[in-house]
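This report refers to the structure that appears directly beneath it.
For clarity, chains are labelled A, B, C, D and E in written order, and residue numbers in each chain start from 1.
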């Protein structure tokens, strides 16, 4: 294998930033149910999607993430009642802007997974990592 | 020809510029050890002891890893150094161990921001980077035969401790010595170990004061400048040295003025933001003086010459 | 900084897929890690003891346990390290079970991932700071706003538990809606017989102060320390003298509509709503009073044996401190007249609301419990009830179910049968029946079978007068045909709406309300009686339409929440909250805009500027403000921006 | 005088690039002219008078990492190696180990120089370091060159100050081939500060563009060596005349908008003058002027973790930056915009001259051109450098 | 045009003479007649220095934000064009300027010149620009001169300006212009939008690689008001590294962009201030287009509105 194909096929690195109350618990549930998931994502726990500054997602890309997933409680279910509504606006803009900043749109996703949706977590993360892997690692990008 | 007026515009200053070959013989680089020639690189030192002075001040006793350097390390009281935590950065601190102390170099650090928090996280045995000594110390030689009044507040004691220790070690060279030290509360008094000794010595006057009454405090109460006016040292043949928070310095200088101390007999050290420590990076300037090389020690007379931008 | 890392095998739960020993060894290379160990069960007694021993012997200052989900054991380990003398927040958990071993089966790759997760936890614990819960003094007095059955219940529960309670009631008597009801479903027991003793209990309870004819004007402060301005409306009667003898009422020459009886009777300008009123004190309704309107009369002042009349009285304001506030302002009856022109919009006298009918059925009501037509006082032969008037009706902006109408209609139908005898035809037009409470469905069944009430499924499209009857035209959707009933009396099961002034009150209290004016609970399932403003609670129908059992149940639930809050002398606040670095705050007030709990406040600085300050007891630690502050000068303790960035970095480093 | 026919320019550059890295002004895709590494085929842009930025970055990069380090932990529970073993391992990786802990600590701190663009501490004097190979800066203007001379004072240990190894490692291997200005801009004022459109201070070789090619005069030995290139021929008399005429024409085109005499004293006397506030009203305190200036040299030193490794670097800083003078107590001696503003001009015409007997401005006018609000240094000096009495009580900023 | 100029002078004179303001900010001629620069007028006698022409591109609202007024509590008269006024509205929406201390003179604006377009037509320095109806004449220092239509050298957003009339002013001078109805235009984006992601990345990387972090873009931005505390300078938290390289520069710009989202009406001040011509405008305008498509939102249109990211609607139709 040449060095080039090696980088192209190396497993991608995905950061999943999730809220403590819904999606982290959902991911826990997926674990408890032994639902198999991809290896190459890392979960970062925050209290609420409202805590996540879109710039943190950009920071992750800048630091070399190949994909960033944000997941929280479904609108209406926020533990702090409003956090995900604010987050929704911010991440929608980020989602729309990223393709214009040189980050393919499949590399970013924001979604909602509740604590009871273990299966949904499995499919969300599997699909997302799959898409990112299809695009391959990002190398030498400005962001 | 262009009009140069009184403004000298030298043709080519290159003639005064040093070259690497000259530098190797050490011109302009007053530091010993293997880092000679590159004033930016820190010497690695190990923390041998940490003393918790007050809730937010720790003293660090460090030893250079290079034994030769440790043995050769010499500085003037009042000089400062850059103490650095790799990964966090460097910051300026007064060297406050006695110049005669050969086994370690002491810095006292008040927690303020990035670097100082980093320093406070360190343990004994950890590594730090040191660039020292820097700047101009107190003219202790010139002061011989004079009376000395040290006036200090809070962490300001760090800047004067080395000088005090030096003059006490050379007690016979000086006239009367008064130490006036104040802090907000007794808990904020640094160097308790020194204070005990100073207070017990008969050949000096040590006056310790706190700003406001405090449970359990039986000593003096009052702000430093007020206590100073009560003590009313005579200006004749006396040098006043003061260091502390800006507000204290301001009122102390006013008090000294009322006590009719001439500007030439009043010394203080300036705290300015500094980075390179060698008079290049620019930020510690007051007019054309750079605190890192021309200071931090200034007499009041010298300060009066500078633009009012302290 | 000396970090210890403990990697848990969790039997084979983790060790089956992750090489725990190997990663414990590798973790020893991480910066600041000075001790690592792999343990069979970290959460077990010996496992915890091992951690504590290591803390002491190796001088650990921070601890990472790599095991299961923090949701599972974070509390366990926090306590464990705390017992060993470490601050519990200098501990971090790496979830290598739920998020790793259980979802993978390839050992080398799972091990690699587990190692990354540990690296992230080490990075996070490295930036951790010791956190201490803050303590604030708590004022133990409670304010209950609204003296309906819910408010009374909460007040009594709290007062019985020894707290000082103040009830602020807008009307001149407590009792609320329930005081106007005749009987209550599903037991058909007399409403007054249940409520009146409770009202009296409240009045006589030494721990309860009732401030009737009063309103909350302004609320400042925060949980444990509210400062409330209460406005006492001028009653024109000195209540410290008034003895409620009603002499004035008898003699007063000026008539006024009787609000208590919903316009079914008349009252006087000077007014006591009903004989069992608590407090039983007179109020002059100045808009009807001759003295106030025409400048002559003063009859009441002359007849009052207690010399209580005071025409000069003004609104007064008093300020009180409370530790907690319970809002129990209930609901109002939907003003159907404005919305239903097809039902005559109030112009047909024999079309009345459910509440009016409730008064009519009441033996101490304006008709003495006699059911008759408004137009001619005859006993009705055909009584028609129409459900869902102002409920579940998008066209009038009330999409919600008022939750009590089905039941009270059934109750009223049954009572009609009791009052009017077997000859009367009783019809109920309904869309469907909501009878979810205990014994409710049976109650409806009884109405249909035992009391012979005709339930017609369908909407009534029009009411109009014809030949002295009210023609009810509608659709029987079960039979699929038009029906038309010549009714003598039509009772609209009017829905409920939020209490008048609810939005304003919500704004004063800084709590949220929905588009219909009902107050929002903090979380529909988890925090149903709390609001987003710490220390402010909800009880009864002000949160959503409710019947009495639910209102009372909730009221007691609320009381227990308040008791829980005030059981301590000091409030311990969660230390994982946001703090502002005021030296960097640029006073843009975005944080105050977005915080759902109004935790950030403007704090004046010595130099006259204002900087944001987050009230520790109010902040819930969501971090919305942190993500909004442009200069990032707010940090959420435990989840600082730097710690998140560090974790991202660790996760991405090869 | 020697002469380089126009057609020989590319050849000269090619020849120079055999021995050194050649940097010359060229257009970027967006049309901005900047100094860029010359490669055969690169079009040198000499028609535009001043490249967007002076080539000071060649000797004083905006960001320069000079120290790298990482920590190696070896904790006793599961890793019983001795510090010596760890040290060996590191040396195997090629990092220079400058510190290994004594046995008191289990924590090993390993400092390694990052190499790359900076000299290693072991041999500061070794000049041929990666990234510091010989360089020729071609096509800079005399004012740009003077900027180097002025920075030389600061970094070169003039007057007994410190000697900066990083700057000098580059400076000593940098040859400046200046091209005299033909069409000075309205913002040029080199003459007012003792320079000239054909000035030679710090220049190694001065070229003057005339019809058919460039007149070439060596100023230093290095410059002389360049003249060895075969493409140069002896200048003809009319060419020499044309060069002289071009110099004179350009000299004439440069205005001298203020007199230096008394400026320093007056700046000192006017230190508290309220007109500083008026002048600064328009300034947005950005710092653009300092970054485009060929002689502004202030820098900051920071540590950052980059990919798990600590780096200490210095990067340009300026007196408009709020953090520049902010002190621990929160006090900032230059908090107000006007104070920061005053510092820049005072530094250039008062503080620096006091320290180095020279000026810190070569009159290139870049700060005027690139200032978002066109703050005009000539105006500032004309106003604040004049005796207070000679100006109206509160002169306005224009 | 000149009548507008007279009206500005008149307004300034009145405001100063009546003591309504301490100083008045308008535009005056720069060091050559090819440029207008901000002017700060303290005395009524001086108002004749004020000019109005298509050269007056500076958004003077910049000088109202934190730390700009000197002394800080000054009462200020200020001229605003259409887009300038929207930045002012954005500040007012958040209570970041004290409207009591302002006297705002609104000027309906038919477009300002992009001097960079003119400069690009010459190698020599352009020192003079004249306007004669729709005709622009530019002359260089060496005397070369060219003529072109005004429309050809306008800033690209000026052509289809959605809001040429000030949205907020205490006094309006000049005739109001017809407002374009219908969907706002976001010109000049087509080419960029058509690029693929790698090409966009390359374009931005090249652009950001030249950024010198001079902060002109941020300090000139009227709605960026954090001044000394800008998170781009912050070391704690260390969101943006202080190293000047392409990656950090990119994040630096992202901070600016996302922080002005919902408040930036694309006045373009940052773009014009950048000394290395980084196409900041392109990205900001693109962002504004997305915001418009996402929530129908345009910044600075209405003083009583809240910026989009400080509020939300439960029924926002976003995401899944």
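Note that in this section a residue touches a chain if its C-beta (ideal position, glycine included) is under 8 Å from a C-beta of that chain, and two chains touch if they have at least 3 such contacts.
Because the structure is a prediction, the values reported are computed rather than measured.
Enquirer: Would you pick out the chains that touch chain A and also touch chain C?
Expert: Of all the chains present, those in contact with both chain A and chain C are E.
Enquirer: What chain is the most remote from chain A, judged by the mean position of CA atoms in each chain?
Expert: With centres defined by C-alpha atoms, farthest from chain A sits B.
Enquirer: Report which of B-C and C-E is connected by more C-beta pairs in contact.
Expert: C-E
Enquirer: Whole-Å distance, chain B centre to chain D centre, using C-alpha means?
Expert: Computed value for the inter-centroid distance: 33 Å.
Enquirer: How many angstrom lie between the CA centroids of chain A and chain B, rounded to a whole number?
Expert: About 52 Å separates the centre of chain A from that of chain B.
Enquirer: From the mean C-alpha coordinate of chain B to that of chain E, what's the distance rounded to whole Å?
Expert: About 48 Å, centre to centre.
Enquirer: CA centre of chain A versus CA centre of chain E: separation in Å?
Expert: Computed value for the inter-centroid distance: 36 Å.
Enquirer: Give me the residues of chain E that touch two or more other chains.
Expert: 227, 229, 235-236, 238-239, 309
Enquirer: At least two other chains touched by the same residue of chain D: list those residues.
Expert: 71, 106-107, 300, 302, 305, 323, 326
Enquirer: Could you tell me which residues belong to chain B and also touch two or more other chains?
Expert: Where chain B meets two or more other chains at a single residue, that happens at 113, 123.
Enquirer: List the residues on chain B that touch chain D in their complex, please.
Expert: 2-14, 16-21, 23-24, 27-29, 34-35, 37-42, 44, 46, 48, 65, 84-90, 110, 112-113, 123-127, 129, 245-246, 271-273, 275-276, 278-283, 285-288, 293, 307-310
Enquirer: Looking at the complex, which residues from chain B come into contact with chain C?
Expert: Those in contact with chain C are residues 121-123.
Enquirer: Using the touch definition up top, name the residues of chain C that touch chain E in the complex.
Expert: The touching residues are 584-586, 588-590, 593-594, 628, 630-633, 635, 640-642, 645.
Enquirer: Which of the residues in chain E end up touching chain D in this complex?
Expert: Where chain E meets chain D, its residues are 23, 28, 30-32, 35, 37-42, 46, 49, 58, 62-63, 67-68, 70-71, 120, 123-125, 127, 141-142, 206-207, 210, 212-216, 218-220, 227-229, 233, 235, 238, 241-245, 272-273, 275-277, 279.
Enquirer: Where on chain D is chain E touching in the complex?
Expert: 28-32, 34, 47-49, 52-53, 62-63, 65, 183, 185-187, 277-278, 280-282, 284-288, 290-292, 300, 302, 304, 306, 313, 315-316, 320-323, 326, 336-338, 368, 370, 372-374, 376, 379, 394, 396-398
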